[in-house]
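Chains here go by letter, A, B, C, D, E, F and G, matching the order in which they are written, and residues are numbered from 1 within each.
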């Protein structure tokens, strides 16, 4: 079996998700879902129209939010919106 | 579909928010809202007329405050004030 | 006894697990199991069809998920799927 | 609207506060207020005549104290003493 | 008294333990014991036939497991197996 | 008003405290007081005749102790012993 | 008064303690006491015949143990064994 299986670079997941809906899971039982407007190599992310959910409860919407990368647990492109 | 979707650099969110109202969410159930006077690459931020909210309770106002970047969870330009 | 015992590089465990099932154990009593699609030197990992288990409870499936490396406790190729 | 809004460097807040009263908020519900005698790029700070407040309770005064930067949450020049 | 007492390099403890049984103590009341298959300078370790013990309770065996180094508290070659 | 107010380098506080009594406040409600014998740029400190106080209770004296810098909250030269 | 007071380098405390008894205090209410066999610049330490004490309770002895440096709170050469 050949060893050259493709390796998707993690940062490409963010690149491909630009201008699409993503879910950002953040330390402290927080989630932010919105349109990914930008990111950098530290995994700092910028979302538009971001809903904030803390402990499962909807806390409101931010027009624009910059989440610091070292709080991120995971990023997932939303179902049906992932190419 | 072209892959060259725009990527807003997270630091540009801070740059564009200079001299405008921002909300800084900080570890330990703290929030600081005020006018963004400055920032650096470590996400250290300087606010003017910053209201401090701890556990949802208003704790007062600081003329000027320097928040150390590694405590920051997110920064959001205030609604209606984001260009 | 010779001292030149083989040393499997930890990153090669990830390389060999590409396109196979892995279990990712994450801080905060979380587990993600799915097909390893990619990784990088920070141990950021990309999974496809990832089941999320929090405190032993199945929370659903993500089509694609990027888990930030510094949350990872361990990665294990699934039994029977490890070459 | 021009984009060249002034950006106050966070370290300049410390520079301008030298020999003035500051409040240092520190992890673990601690506060130190005193005269800022020095600082460095790691946000290590030196205070003179520093009052220590833990969980809102005054614990005494230190002639001189060096607070390690990575414990700092924020630094604020005292009201009326800023500029 | 001469000052040139031998200094065993910590990484050599891992090197000498390759292909032998080791106990890995991990943050969060976890232990993993198995055959050390590999390691790197970050103290990431690869174990074969690794038993997982959480809070003193045996949780099962992994054919192969990669434990991220920054979770490690200590590594100890098993008694009688240390050369 | 001139801007060239003196800035005491934090490390100079340690330098000036050499061979004098200091109080080291450490994470986890610990304090160590003793004679400062040495330090380095990581704020690792060496004390002689160090009393250990945990949760306000005296736990004994160490002839010599090396405290790892990243546990340090603050260092204060003892009153009356500060030049 | 001259300023050239001797500064014992913290790493020299470890160097001088080689092949002698030391007490290693570790995060999570753990202590390891044994003969210091080695160390490196990250404060990773190797002990021989190391007794493990957790929450004040003796948990047994390890022939050899490598403690990862970032868990260390302090290292102290045992009384009467310090040169």
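The working rule: a residue touches a chain if its C-beta (ideal position, glycine included) is under 8 Å from a C-beta of that chain, and two chains touch if they have at least 3 such contacts.
In UniProt terms, the chains line up like this: A, B, C, D, E, F, G = Putative snRNP Sm-like protein.
Predicted model only: the values in this text are computed from it and were never measured.
Where touching is counted per the definition, chain B and chain D have no chain in common. With centres defined as mean CA coordinates, chain E is found 34 Å away from chain A. Averaging Cα coordinates per chain places chain C and chain D 43 Å apart. Multi-chain contact residues of chain C (touching two or more other chains): 70.
Around the ring, the chains sit in the order F, G, E, C, A, B, D, counting from chain F and moving first to chain G. Remark: chain E residues 1, 3, 5-14, 27, 43, 69-70, 72-77, 79, 82 touch chain G in the complex. Against chain C, in their complex, chain E makes its touches with residues 15-16, 18-19, 26, 28, 30, 32, 37-40, 42, 44-46, 62-68, 70-71, 83.
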